Every structure is written in C-alpha cells, then in structure tokens.
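These notes open a run of structures that come right after.
Common to both upcoming complexes is chain A, partnered first by chain B, then by chain C.
Let's turn to the complex of A and B:
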C-alpha cells in the first residue's frame, strides 16, 4: 500500500468518499438556497431552520402517527413546503421590490423564532431517530466500511440535484421561471401566472431544505440548533459557487465536502475553518463566485 | 402625649433595626448556557434547581432573604467574564453558580478570585479548576474530568479495553478530559494508540471515526460533550464501530444525552455519573418537584442540576453560620470547606483543600430497550466508587493551595 503525504492511500480514498457524502448535504442545502435566490432574489436565512423543521417533522410523524422514514421523506418536505408557501404569501411577496436586506432580516428573524419554539418544546439536547431497517448495516469496500445509509444519501442527493438542475435549465417550466425572474411583466403578458409560480418556487426551495433535514435525521443529532450550525457553511458554499447559480451550488457543495474531508485527515483542528478560508480567497480573486456571472 | 408618641416611634425604629440586623441578605447568580448545546444539561434546569434550593432553605430559615438572577454566557469566555464582572460590581451578587463549559468556568473563576467573591462550579468539567488553576474562591461541586477518566477509563481497562483512541473536542475541557483519561488508562496498564482533535460543534464525525477504526484500538474514547457526543455515538453505530469489535467509552454522557440518542443506539454504553434521577425515591421525588418548578416535563434532570441545588444549600448553610454582615469570598469558601456537607441528593461529603467537593461516583451501563421499565429508566448500576477514590488526591493536584 503506497502513502500520500504520510497518509496510507487506503485511508485517503475513504476520506474522499466521506467528503463526497458530506458534500451531498451541502449540495442539497445550497441548491435550495440558490434556487430561491436565483428566482426570488431573497437571501433565505431561515433555510437552516427549515432543514431543522424537516428533521423534527420526521420525528413527530414517527412518534405520533407511526409514519416511518420512507413516507416521511415525502410527507415532511410537503408539509414544510406548505409552511414555506404560507410565509411567501404572508410576508415575502411584499419584499421583492425592496433591498435584499429586508428579505434577509425577515428570514433571519423567522429562523430565530422557529429555533426558539423548537427549543422551548423539545429542549436542546436532541431527539432520537434511527436509521431505517432496510438501510442498516454496510459493506466493506476494501479501503473502507461504507454504511448503506451513506450510500443512499449520496445517490438520493445526486438524483435530486441533477433533477432540479435539469428542470430549471432544460425544460419549458424552467424557461418560464428564468424568464419570469428576468422580466416578470413580459412573461405575465403571455398569460402566465407569475406570482403563483414564484410562490411555488419558494415552497420548492423550502421543501428541498426539509428533504435534507429528513435525510440527516438518522445520522445527525436532531436538535433545534442543527440548522444554524450548518447554515453558515452552506452560505459560504453558495458564495463560493456564485449566488444564484444552480450548477455552481451543486458542484461547490460536493467539492467543498471533499476539501473539508481531506482537512479532517491532515489538520483536523482547522476542519471547520477551511471553507471560510477558501471563501475569502475566492472572493478576492473572483468576487462573483466560481460559477457566478458578473453584474 | 407627644413625648409618648415620640418614644413609641423611637422604639419602633430600634425594633426595626434589630430585625434588620438579624436578617441575612444573599444574592446568587446562576450563569449558564441558556440557549445552545449545553442548555439541557444546565440552563433553565439549573435555574429551576436553584429556585428549589432557595425555597427549601428559606422555608426553614425565614430570616434569610435570597435573591436570584440568571444569565446566558453563550459559551463565550468573554461574555461570561463580562456578566460575572457586572454581577459582582454592579448587581452586588455574592455567589455565582453552575457555568457549564470549562473555558468559561476557568475565566469566571479568575473573576471571582480578583473580586474576592464565591464561585461554585457545577456545570464545567475541567479538573484544572481544582488543579493548577485552583483558587481560594472556587468550589468545584458535581464532577470533573479526573473523576470521569478514573471511573470510566479504569473500568474499561479492567474489562480488557487496554488500547485507546481518542476523539477529543478541541478546547480546555476536551484536552483536560483526554489528558486525565490517558493518565488513568496508562496507570491501569493500557496504552494510547492515537487521537484526533475535532472543533467544538462538529456535525459529521465519519472522517474521525474512520481514523479511529483504522487505528485498531480496542476502545474509542469520546472526550467531548453534548451534541458532539451524541453525533459521535450515533455515527459510530452507523459505521459499525461496536459491531466491528471496538468499544465506545462515553467519557462525559448525561441522562439528557441518553434520552436524545434513544436506548436502541445508546445501549451498552459505560459511563460515570455522580447523581442519577432514578436511583432512589428521594431523587425521584426531587425530579417531580423539579418538573413542577418550571423545567420541561419531558426532560430528565442531570447531575449538574442536582449539583446546583446541593451547592446552593451548602453555601447558604455556611453563610447562616457566619451570621449577618459582610463576609469576603475567601472566608465563606473557607467556612464551606470546614463544614462537612450533607444534602438530600449527594448525601454526606466534604470539600477538600483544593475546593474539590468529594462524594461517591457511580459506574453505570445504559440498559437495552427491553429492560427499560418506564420513560427515563436508562441505567443499570455497575459499581459505586467511594468518595475517597472517586476524586483526585489533593496531593496530586498541583494546586498551589495545597502545601507540598
């Protein structure tokens, strides 16, 4: 077995794969943020709280109606997506014409409220949620032990990411959406209900966050602060990828997962700073982000 | 007539003065993490425990008037220092209690020393508080890293877990816990194969767990706390660490963490605590009152909450014995050390010269779900470690207060 920088290659391959898996979560979350920013021009700071809601709804479904992981994977995003639609109708729709700052403040406030409510009812230690039976166990790949659940995470995340990218960039519906962001008045003139489309887009972005939340519940601690811990990193991912760029969010999500994974091998103490160092460098060299378009 | 009235007024004033002289006024500040990862092990539950202690003490001693305030240090030493300074200087607080997070506790301990007030630690773990960083104003009540290391570490080595790999939280507490556990393991004849230091509040441990797995150590020691420990244990189960023959040692696991993990994931875990809510009828009755005092009914009190309660009782007892008037922090702590402790939750105990409160510790194992009879029925008692062995001998503490 050969070594790279003193680390056995076996361990290195393992860490690369682990990085990709963690990147799946970054990609899923930053994808939702990018969709919302790209289409609505809203910096959705409550994304982390909505991710947390997804996990909590999954827990509540299991606890009170006996719905397990698989149904929750569909039901929780729909329920949380509906709350997103309500938020958009009640508050966000009035903010599109104003400065970004207003949307940011509103969603940040919402995030604080959601977290506070969850902490009040469930405490901060967390709630139990186990890996579904069909995905328990794992297989030995020779260079590492891969839990079945992690393999599923990577497959599901890639499918959802590519699917979303395809719908927005390659279908008629996506074309309407993109056109509506460029020039809503003109698109309206063609008889398309632009406000409803925008509302549903926000609902979809929120549902993506909740989907990531359900995916996270079996392996991460389901606690009120689970979202706020992750959201800062995810914002860095979006900034590095380029605000509003769908492809950028997906590629940087996976890429930074790998970078972070490697840092955990070579210099673990820096593993939660490395992404911000990269962000600073990218902002210096390419202020619009790796995949962003200038101005 | 006028003269009589005047005399009566004078008498009334004198009587008032006498009553005032006998009344003892005390102000206590509960400084904790109210809204983040340690809010369930301390936080609002500690405030509830403090209220209970004050209510119980003033019921028997109506001439003692106790005021309580609470604050959120947000796990930041600078904020903790700032609140402690303000409490001591402006709000005239006599004693600060709790302070989970060793980084913050070490900082507040300095403040208490500089202002010559009293600091009772219940939430923080670093044994440095009664070691090299000890002072005559600080009492460390509930538990510490030496006791955790000695309890869990020694027990694991004795049952065959003689090679260790550490996952360590990268701050004062984690370092202290790793250092004390390494010492306990090596003393018992085990060896340390490696360690990895992760940032506080890490979400994903898979990378670190892979490193632990490839180290082939028999025991993976978790020198972390709260959400970090929960995430490590959850993901260790996923990566088949225990199925692969390695054992997990949760060096600091609270009842609230076991609740968050659920018994299916946590079963079999060995851990050390100094107080368990379901250990006897007294504790269960106390827990019932604790729920009524404002802590959430679905939560379980931790040993930290019990320590806040017992610490306040002992402090008030010392103040009552010293009588009314101003007393500086050092003399109060000296009085607390001179008086043997006795409270319903920890029983009889002492405070040694370093400020270390000494009581029994218990080695527990988390029950499998099938054996758990009611909600919160988490542990089986494996061993009781007597007070004299549970905590570090003051001679080995490197504390300047102990003459060599």
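Let's turn to the complex of A and C:
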C-alpha cells in the first residue's frame, strides 16, 4: 500500500478502474450512435432504452429459460437487434427525407415507450443479476484489487470497439458502408442494396447497445432508468468527440470515463458534472469537437 | 416553368389576418369563462405550461432550433422565484421577475455555447447543459434536494392585493399568460422575426444577405429562455412549490410533446397542445406509469402521421393562419 498525492493507491486505482468501466460503456454506446448517425442521419435517442432492453432480456433469459450470462451475451444483442430492424422498417425509414429533428423526436418517443413498459412490469427498483461463476473473484495486483469481471468488461468492450473499427475502416463491407454514407445514390447504381444496408446498420448499432446492456447487468442493477441516465452523458461524449470518426468515439469514451473516475477521487462533488463541464470547454475552444469536422 | 405558389405564402388577405384575431378572441373568452366552469388551479397550471410551450415554440418553430433542455430555464426560474418569495420575502411580482431574470442569464450562457454547433448537435448540447444544471439543483442546499421548496407564500401583489384568493391569482396568471403570448406574437411578426424565419428556411442564404445569424439565434434563444422562465416562476407562486421535476429532462421532453401535438410553428398550437397534454395526464393519472408509454406513442404517432399538429392541421384544412 502506498500513496499518490496523498490518496491511497487502492482508492486511486479503484476509481480509475471504475472510470475505465464507465468509459467502456461510453465508448460502446457512442460508437453505436456514431455508426447509426453515419448511415441513417438520425440521432438514436432510444439508444439508452435499447441498452436497458439488453440488460432486461439477459435477466429474463436467466429467469425463464435458464440461459446464463454467456449465451445471453450473444442471444440478447441478436434479439434486441431484431427489434431494431423492425423499428427501422416500421418507423425510421419514412423519416430520412425529413429534418433531422423528427428522427430525434421519434426515437425519443420510442425511448419513453420502452422505459414505461419496463417500469410497469418490473418497477423502478433495480433487479440483481449475478456475475457469472467463471468470472467471480479477483486478483490482488499489489497496488490494487482487480475483480475478474471488471477486467473482462474492459477487455471485451475494447475488443468489440476495435473489431467494429476494423470492419468499418479495413474491410470490403466497411468500404461499402462508408461509400453509402458519402453517396448512397451512386452506391445503389453499382448494384448494392443500400436500403437493406441501412436497416442492418441500425440493427447492428442497436445490438451494440444491447451488448453493453448485458455486460452492465452484473455491475449496475438492471433497472428501467439505467438507459436514460446514461444516454445524456453519452450525448455529451459525442459532442466532445464529434461523430465523424469511429476511433475518435472510442478514444473519447474511454478517456472521459477515466477523467470522471479521477474526479471522483480528487473532487467528488463534481464527478456528476465533469463531463458536461468538459463539453462546455470543448465548445468554447474547439467548437467542432476533438475529432469532428465542422458542422 | 410556372412557379407553384403556396396560397398561404401570398400577401395576407383580410380573412387570413382576421383568423388570428378571431382565434385570439375565442381563446381569451374561453379563459375568462373557464374558471367558473372547472378548477382554477388546474387552469392556472395549464396556462403556465401553455406559455412555456409557446416560448419553446418560438425557438423550434420559427428559428428551427430544437432545444432539448428547456426544463433548465423553467425549473431554475421556478426555484429562484420560490426562494425569493419564501426566504427573501419579496412580493410575488418581484419574485417572478427574479426567476425570469435568472432564466435570461442562464439562457444567455447556455445559448452562447449551444449555437456554436448546428442541427442535431444543438439538441444534444442543450440537453447535456440542462442535465448538468439538474445535478447542481440536486446538490445545491437552497433547492431542498428531493423535497424541493415547499410552502411558498403567494403573498400580496405589489404589497396590496392578497393572492390567496383563487380568482385574484387566476386574473394575475391570465394577464401574465396573455402578455407573454402577445409578446411572442409581436416578436414573430416583427422584422426581427422575419429574419428568424429566414434563418430557419436557409441559414446560408441569410448569412450571404449580410445578417449575423449567430446574433439573431442567440437573441431568439435568450428571449425563449426568458419567457419560459416567466412561466416557471409564475408556476412556483401558483402551486407554492418548486421541485426537481420541473428541472429534470422528462420536463424538457414534455414541452416538446406539447408543442408537437399542438403544431410546431403555429402561434396557437403550443397553447392547445399544453391543454391537451395536461388534461390527458389529469385523466390518466390513475393508470400510473402507462402515461409514459402513451406519451411515447403520441410522439411516434405525431412524427409519422400528423407532423402539423392539431392547430396546424386545422389551419391547413381551413386554409387560414393560426
């Protein structure tokens, strides 16, 4: 045990770890928002609600079909992703030609519906979801205690984030996606089914949110308002990073999580608001965002 | 090629300018008669929300800026108004002015940050700033945290007229509402308002015509925040309560819903929308959390099926301006 700036190393690294965990969720969610915005030109306000849905689906799978954490990590995102595909086909596809704000309003309405339904059936108190057996316990690193599950969350979300970046920036499929973002009409002329690509992109973005939700379930309680609290912070993260760059979204997400964790150590009163304050400063100094293009 | 001219875009005919006057007369008459028919307290609350929604509409409907954080001005004005009346012992008109001035200052700060980005970012920034101020409200001592500021005295108007009488209070709220409403009407139909509409239609063109659009947007933002503040400050005196509900994000969503239901960019729409939503909440109170689901469904239905809103559809049907 030693001290840094008068703070015990356990406390400092403990908060740093919590910061990295929060950062993992910021990164996963802002990545999903950026991917959806790139293709659909819609800010998906229901992203938080879909994250919450992922956690609830994992909870229900465990309660009613005995499917544990590991299968849920695959099944829940697929199920929620399918609801995303349905939402896109039923609602969102009619909005692409309209002003941006209608997409925001519609997905806000969806978020209210999802949160309301969850509150009716599960109440607003959180439901517990236990850490899978294979990841229980932890190890002592000397300067801090590292719970296995938390280490797994950081590794898993980093892997998914970098995997997504790789697919979009380095593969043929990603090239089609980027081309369709730039000029959908031209890409359609080359015989690629752009509307289907848009549908699947939305489904994928939503599945990312649900994946984050399943991973969050054992850390935070599963509760109806877990999404709405998070999504507003993620919006601030997106404003800070800008949505132009996938890598930017990932870096900003993790970075801000760490900053928030450190604030909890040195100035706990400000830990709720520090990300919003950083957003205000970034707007003053670099209005386009850290990684953004002007617009 | 012959240009297709929107019949509504032509020079205002006698009927069209009259339609607004007639509708205004009907509204005033209804609000004067209403307290003798139904609960005055409910009506006063509805008028506060109608003014709040009208202020919000000034920004989204006439400048095209969607603020998703208008609870910030409504809620903080209500806190300051309640604090001024209860702790400082100011008379109600001064308490309301205190709240309104607070909202103006907050609007100036938040507005000058938010207008630095366009479109969808603008909505996210306003929402995030409002959430930041919500956390301040949770932590600050004077707001009373979860309890809010309760038992705010209505006091005596100008130190003379006792506002504990429901009908006297009603008259005061009606005057504030009508003054705010006419102020907004005046803004929209002034040369300044015409520039705002030009920015909504095509900002790049407005810039190329030499207008400093950022200044116009900021001015509209501050005006909207101030009027929203007046509504919140009045509500604190009427209900004798300021609480976290008024400053939290669902309130920002609610005012969007009211305006959307009534009709974006129509002068009477937000008023109609506020009354419709409040009546709905009142009637549906027994079913609890399902209200949230129904509100969400109304959002979806409005965006997909009738984007003009109630008043907008009516005006379109009758080919008049409302």
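We take it that the second predicted complex is superposed on the first by the 278 of 295 C-alpha atoms of A that agree within 3 Å, B and C clash if a C-alpha of one lies under 4 Å from a C-alpha of the other, contacts with A are read in each partner's own complex, and residues count from 1 in each chain.
Rule of thumb we're sticking to: a residue touches a chain if its C-beta (ideal position, glycine included) is under 8 Å from a C-beta of that chain, and two chains touch if they have at least 3 such contacts.
Keep in mind it's a predicted model, so treat the numbers as computed, not measured.
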Fit or clash between chain C and chain B when superposed on chain A | clash
Could you look at A:94 and tell me whether it touches chain B, chain C, both or neither (first, second, both, neither)?
-> second
In the superposed arrangement, does A:283 touch chain B (first), chain C (second), both or neither?
-> second
Go through the superposed model and pick first if A:43 touches only chain B, second if only chain C, both, or neither.
-> second
Contacts of A:117 with chain B and chain C, given as first, second, both or neither | second
Regarding the shared-chain residue A:272, is it in contact with chain B (first), chain C (second), both, or neither?
-> both
In the superposed arrangement, which partner chain does A:108 touch: chain B (first), chain C (second), both, or neither?
-> second
Counting only touches as set out at the top, which of chain B and chain C does A:84 meet: first, second, both, neither?
-> neither
Figure out whether A:235 sits in contact with chain B (first) or chain C (second), or with both, or with neither.
-> second
Which parts of chain A are touched by chain B and by chain C alike?
-> 116, 119, 269, 272-273
In the complex, chain C residues that touch chain A | 60, 64, 66, 68, 113-114, 116-121, 123-125, 127-129, 131-132, 135-136, 138-139, 249, 253, 256, 260, 288-300, 302-304, 307
Write out the stretch or stretches of chain B touching chain A in their complex.
-> 35-41, 43, 170, 196-199, 201-204, 206-208, 210-211, 213-214, 226-227, 230-231, 234-235, 238-240, 244, 254, 256-257, 259-262, 264-265, 296, 298-299
Chain A to chain C touching residues, read off their complex = 37, 43, 91, 94-95, 98-102, 104-106, 108-117, 119-120, 228, 232-233, 235-236, 238-239, 269, 272-273, 276-277, 279-280, 283-284, 287-288, 295
Note which residues of chain A are touching chain B in the complex, please.
-> 8, 10-11, 14-15, 18-19, 21-22, 116, 119, 121-131, 137-138, 144-145, 147, 149-150, 218-223, 225-226, 229-230, 261, 264-265, 268-269, 271-273
